[in-house]
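In what comes next, chain A is part of two complexes: it sits with chain B in the first one and with chain C in the second one.
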Partner chain A sequence: MKAFIESLARNRLAAFGAIVLLLLVLLALITPWLPLADPDITFPANRLHPPLSEGNLLGTDALGRDILSRLLWGLRVSLAVGIAASLVAALIGSLIGIVSGYFGGRTDNILMRGIDMLMAFPYILLALAIVAVLGPGLMNALYAIAIVNIPFFARNIRGVTVGIAHREFIDAARLSGKGDLRILASEILPNVLPVIVITLSTTVGWMILETAGLSFLGLGAQPPQADLGSMLGEGRRMMINAPHVAMLPGLVIFILVMSINLLGDGVRDALDPRLKSGALSRPAPMTRIRRRLTGKHQDDAGTSPASALLTVDDLHTDFEMGRDIYRAVNGVSFTIHSNECLGLVGESGSGKSVTALSLLGLVASPPGVITGGRIEMDGRDLLGLSAREMRRIRGKDVAYVFQDPLSTLHPLIRVGDQLVEAIRLHQPLSRGAARELAVTLLGQVRIPNPQRRAEQYPHQLSGGMRQRVGIAMALANDPRLIVADEPTTALDVTVQAQALALIQRLREDKGTAVLFITHDFGVVSQVCDRVAVMYAGRIVEVGYTADILDAPRHPYTRRLIDCVPRLGEPDNEPTAIPGLPPAANALPEGCAFADRCDLAEAACRHGEIELIATDAGRQVRCIKPLGLPVHARAGVAP
Partner chain B sequence: MSETLLEIRQLTRTFGGGRRWLAPAHPGVHAVQQVDLDVQRGDTLGIVGESGCGKSTLARMLVGLDTPSSGSIRYSGVDLQRLRRRDRHALSRRIQYVFQDPLSSLNPRKRVRDILAAPLRYLRGLEGQALERRLGELMEVVNLRPEFITRYPHEFSGGQAQRIGIARALAAEPEVLVLDEPVSALDVSVQAQVLQLLRRLKREFDLTYLFISHDLSVVETISDRIAVMYFGRIIEQATARQLFQYPAHPYTRLLLGSAPVPGGPPIQAEAGDAELPDPLAPPPGCAFAPRCPRARDECRGELPTLDKLPGRADHHAACLYPAEGSWRRFSTTNTQEGAG
Partner chain C sequence: MTRYALRRLLMTLPVLLGLSVIVFMIMSLIPGDPAMAILGSYATPENLARLRADLGLDLPLPQQYLVWLGNIVQGDLGRSFTLNRPVLDEVMERFSATLILAGTSLVICTLVGVAAGIISAIRQYGWADRIITLLVLVGISVPAFWLGMLMIMLFAVELRWFPVSGMYSIYGGGGLTDLLRHLALPSIALAVVAAGVIARLTRSNMLEVMRQDYIRTARAKGLDESRVVLRHAFKVALVNLIPVIGVQAGFVIGGAVYIETVFQWPGIGRMLVNAISTRDILLVQGGVLVVAASYVLFNLCADLLQHWLDPRIKA
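Entry: the complex of A and B
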């Protein structure tokens, strides 16, 4: 609630609307106690006084009634009727929506067809028809407006309820012994309430306008009662002689509705989870880079070994959320050689995906910022490139394969056309030639009948097929490095086996290097030549896959391998790692794993622990590497 | 030695199908077909299969979230549907469910207290002091700090949220827990914690588990018996040891051969299409025949039944030409092999 008010106050327009509305409501509330003339007493001698005349601050109307007094009393009526109609519509409409969305089937069908019938009429005509049947009058106008607006709530709330009714927590509530009524009241209602409030806040203004409209036509408030709409209607006849009689109520309607709408939009922005998640703030084309000018990495270009395809040196990527800084990648360095497969292993939150995305500046900014490091390819620092130059590398020299191909492929474009687009971005080919290449690529990733498959949409393909299309797209421009971020995690084992075999074969045929991100040591041992283990944003161990699996040197690596149940060894019970990884916005000093490590000693919690070289090609970030004699602990300088 | 707690006979669930108004009759999708299963009290039955094999539908029918199209489930000799009709809480007091996604199975707008109190209140009729005491016990049983009870689900990590899901299921004091991929959404280190917790709870509360998973190695560590599902049917069933040592169905062998083991030998990948048959037009014979390297003509015409294998105690397979002999065990000592 506090966060809601804060975010509302930050929105200046909404705050302005709220203040204006508050003033108007306050005025309407205290009207009976203000020293005003009776709004309904006529005084023909004083008719049509202009504003600012003595005794009548805003003048008088055709019957000599004080306009200021009538405006305030009218505001009272309009506000009351508008809000009451909204509440009635919200109550009945939401009830219909929740019931129909939750029960579905026949209930849904009957209720929604009824709503459809209401919506089949132009609604102002429907409102007029209802008033015509009930007879003119303020209460009848209220009913008419409420009824006309019920479909709006019913349909909105039904849509949201359908989404919630199939969530697992509803099943869980049912299994907890709750009946339908309890589930509706205590599980569904709290989740749709924000939507009801949003809908309400964006319709109140509209309903006040509609009430005013009916009164304007003489169907709402009956004389002598004042209401903003009827005042406007009465004043319209002397627009030329006494414009103020019509313009003043018009102005009040305008201010009232505008303030309500501004506030309503603010309420919507503050409550709508989609907007809160940053859907409105479009990320920059490239991650923001704000490297600290320590001078350490800025000038020593070309230090990477000759065989290196890509060298990452001391990469730092932070997420800045308000006052908190989450250090997702905290000084990562590694090298990938051509035609090598380097595995990047870690649990969720270890920073492996952010590392991969940082390579080509793909971390969303805001909130991501690359705060340090160098990424070198062909002697160029990729982090020093402009967005334009970076675009030329993305998909051309370095391509990505993501975990969920269904969310990375465009659902409305045929897969063949998506491939053609990827090809033509980087290669000067005609549509026809690109098309041929696309079909060839689909064949290369062993999609049967590629010609026909190219004509299909992503949803027509199975998960395994979609991931093959994802791989084909990554291959489209013969990249030298493919970054594969958990490419087989969402696949079934038999399909995963095929995808892994495919990646292996492509490496052999095309000589592509692969940065393979995964949490599964089994997969690593299948495809990776070398592996780097990440923990809390840092690489804690790197070396040849077989060596690391055989004799892990870092306690974390050891324990991570031990947690995985191994097929064929049912007696070998996996041992859990106690505790949780440290939060990325409060990393401890020293070794981040020390709190969970049973070998930790005081020295583990102080200072910077460097990666030290232990065996051939192996580096470990630990002061007590496993399996090494004590005197070798100091290690060889890396 | 032990009594049969759950007796599932010819259980079938069909989605859709039938005639619609002014439309020709259309076939339904058979999510679960003629499943026969027995679960002994105190056992852990693992159910393995890939996505779309019907294992979740089977689980949902067991807890009453779904109704079978035909066939029966008997719990201690009582028909489950009758039990459900008589008292909808009676079933939930006996069989509970743990969901795959720990976060989406907890209402984001409810505190842990409210989530755990619901089954205590509605299924066990606890109020006031007794309720408070049970809440405290439940939190302790799943190793959560008592002060967490006032928090909202989003404040928890995946593993902690799954413990709340388990505590919610335990609150009903059930005899059977149906665990639908309870550790699949968790990190490996947390996965091991939850598996340990499940093992301990089973001992402490004499529970019977139905453990559903796609991960063979996880199922192997926790199950006494294992049933393998493919395309809505059980195609092989045996004790865990038997199944992993002498897998008889070619699909089981394929699953075992596809699972990558750290430091294990290279996995085998199928040459052809690894896709399931079209559920709207299932093949007449064995559903696995189009992918099966051992398939012969008879396999494509005749539906194999789940029969006891000759010469093996308690080992059933639905295959006309079951594979014989032991499955080549992974050599876990020679880690060099898998690195290439």
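Entry: the complex of A and C
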């Protein structure tokens, strides 16, 4: 509650709305005690005085009544009616919603069909029909507006209740012998209350506006009783001679509703957790780069091996969520050579995908920020490129194959057109020629009947076929590097094997380098020349695939390899790694794996543990690498 | 698609039936003798007797409903006693005027709202976004009837750019130009609220879509931002927005009641307000029924359009 009010107060607009609303409500409450003229006493001799006349600060209306006084009394009525209508609608609507959502089945069906019926009417028309039945009058207008707003509450509340009604704590309450009524009151109601408040705060202004509207039409407040709407309606007749009579009540309604809406938006934002997590903001075209650290090997950046296609040096990528900073990539360096396949292996959350996406600035930002390092290709630092320069590399020099092709292909564009688009972005081909190339590409990835498939939408293809389309799209412009981010994880085993074979074959045919991201050492052993193992945002071991599989040096690598079931060795049961990786916003000192490692000792939890070279082309981030004689260790300790 | 359309059409029938029940109840819920209530000051003994026979008021309620429904299906909505003409004729004449107004408004609010929402989403938290957010807030808080009066005073009375009220000029009027001149102010006044709502929902929808994986794919291809937004993101957002626009159509038709009163537009909203004041119940019934049924059919079309645009659901 305290956090809610604090977050509301921080929102300046909402605070402003709250203050204005409070003032208006206060004014309405103390009106009877203010030294005002009687709002209903007519004084024909004083009719239509303009504002600022003597004795009538805001002038008089057609019957010589003081407008200021009438405004304040009218505000009282409008506020009271609007709030009463909202409460009635909230009460009945929420009740229907809760009952419908909790009991479900037939009850739900009947109630919701009724609500649908109400919603089939254009909103105000239904209110008019109700007033036609009940007859004009302020109370009847109140009922009419309340009734037409019931569906909003009923639907919203039902949705939330359905979500809660099947949760464990409700079952627990039921098993403990609580009756439905008690469960509704003690378990359901407290959980749906925020939704009721949000719905209420976003509809109150609207309901005040609508009751005023009915009065404006002469169907609400009847003379001599007046609310702001009926004053506006009366003023309309002398709009041209004495505009203030109509303008002032309208202005008050406007200010009142505006203040409520400002506050309502604030309440909604304060209660909506998505806003804080950044889930409602649009990712920028390129990941934000704010390098605090430049590559630590800055001076020897030019000395990277000439055969290297891509060199990543001390890359840091953070996620900034409110005050928390998650270090997703925490100083990663590696190189990829032409025609090489480098595997990047680790559990989910180890930072491998973020590393891959950082290469071309594709990490969603906010919340992602690249805070340090260099990514070098052709002697250029990719992190220093403009958006325009980056676009020329994306899809041309470096192409991506993503994990889940159902969510990564555009659902409403034919696959052929998606390919044509990719081709024409980087090649000066006519639409027809690009189309032919697209069909050829589909054939190359072994999609049967490519001509027809090109006309289809992603949802019409099978999972394996969709991934082939993803691979075809990556191949469209003959890239020098393909970044494959778990390209086979979403596929079943046989399809997985076909996709791997496809990637293998294309590498042989075209000589493309591949950065292959996976959590599966089984897959690594099939396709990767070298492999880098990542844990908690860092590379913990890197080397040739055969060497690492043969003799892992890092305990984490060994555990990962043990996770792979081996054919023909039924006794060798795959073992899961106990425990969870550390939270990326609270990385421990020393080795991040220490808490899950059987071999950890006190020294593992202190200081910075560096990557050390062990064998040829091999590095490991461990102070006591497996399978090495003790003297080898002593020599390289930092 | 055809099968879906047929199924959807069949599902509309119970809704229409339900509507007719509710509208029928309007009459039967009125306390006292419905014939008396319908005729009001026109309740001569002959009239009363004729109406009772017409409506079958001596029958039990369900049978009365069937008689009434039978009449409606044959296009007989009864006779307005205040206007002394068939309800159907009056309703159709008035409703077409409302459709011109509301249709124009719907086009305006859709174009303006969607454009504002997209700009707002692209420039999230920038100046354009802030200004649009503020305008949207003003738009959904301003009483449409008051805004209409302000517009009359500024653009019709002071600047004399547009006529003050009505649908056609009384002298030398007629023709499309005259209609458009009369249409300008009320259609804009009517569009303001809905434009605000559409802008808001377009913005949040675009932001939602921009976070999807296929947008990242589009960027990974090397697509420039304007095409990512307009071709890839908007395509999906538009499909999501169609039902929103369908709902807004209901608000626009409802809001027409106020705007027609302010601008003296000879539409069905004004007719209903008058009919309620004069207790011309058959006219109210007929008007509500026709408008509500058209709204249901409009939403049916919106639904079919959405399915046609979204190939995922066709399968």
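The rule we apply is simple: the second predicted complex is superposed on the first by the 440 of 638 C-alpha atoms of A that agree within 3 Å, B and C clash if a C-alpha of one lies under 4 Å from a C-alpha of the other, contacts with A are read in each partner's own complex, and residues count from 1 in each chain.
In this section, contacts are C-beta pairs under 8 Å (C-beta built on N, C-alpha and C of every residue); 3 or more make two chains touch, one makes a residue touch a chain.
Since the model is a prediction, treat every value here as computed from it, not as a measurement.
Undergrad: Scan A:Leu500 for contacts with chain B and chain C and give back first, second, both or neither.
TA: first
Undergrad: Would you check which partner chain A:Asp492 touches, where first means chain B only, second means chain C only, and both and neither mean what they say?
TA: Once the two structures are laid over each other on A, A:Asp492 reaches chain B alone.
Undergrad: Would you check which partner chain A:Asp529 touches, where first means chain B only, second means chain C only, and both and neither mean what they say?
TA: So A:Asp529 only meets chain B here.
Undergrad: Between chain B and chain C, whom does A:Leu560 touch in the aligned arrangement: first, second, both, or neither?
TA: Only chain B is touched by A:Leu560; chain C is not.
Undergrad: I'd like to know which partner A:Asp116 touches here: chain B for first, chain C for second, both or neither.
TA: Touch partner of A:Asp116: chain C, not chain B.
Undergrad: In the superposed arrangement, which partner chain does A:Arg47 touch: chain B (first), chain C (second), both, or neither?
TA: A:Arg47: touches no partner chain.
Undergrad: Which positions of chain A sit in both the chain B and the chain C interface?
TA: On chain A, the chain B and chain C contacts do not overlap at all.
Undergrad: Within their complex, state which residues of chain A touch chain B.
TA: 167-169, 171-178, 182, 186-187, 190-191, 347-348, 448, 462-465, 492-498, 500-501, 519-526, 529, 544-546, 549-550, 559-561, 563-570, 572-578, 580
Undergrad: Using the touch definition from the top, list the residues of chain A that touch chain C in their complex.
TA: Going through chain A, the ones touching chain C are 113, 116-117, 120-125, 128-129, 131-133, 136, 205-206, 209, 212-213, 216-219, 229, 232, 236, 239-240, 243, 246-247, 250-251, 253-254, 257-258, 260-262, 265, 279-283, 285, 357, 360, 362, 364, 387, 391-396, 399-400, 402, 404, 407-413, 421-422, 425-426, 457, 459-460, 473.
Undergrad: Considering only the defined contacts, which chain B positions touch chain A in the complex?
TA: 50-51, 63-65, 89, 92, 96-97, 99, 101, 104-110, 114-115, 118-119, 121-123, 157-159, 165, 168-169, 171-172, 187-193, 195-196, 214, 216-218, 220-221, 240-241, 244, 254-264, 266-270, 273-275, 329-330, 332, 335-336, 338-339
Undergrad: Which of the residues in chain C end up touching chain A in this complex?
TA: Contact set of chain C toward chain A: 15, 18-19, 22-23, 26, 29-30, 121-122, 124-125, 137-138, 140-146, 149-150, 152-153, 157, 204, 206-208, 210-225, 228, 232, 235-236, 239, 249-251, 253-255, 257-258, 261-262, 272-273, 275-277, 281, 284, 288, 291-292, 295-296, 309-312, 315.
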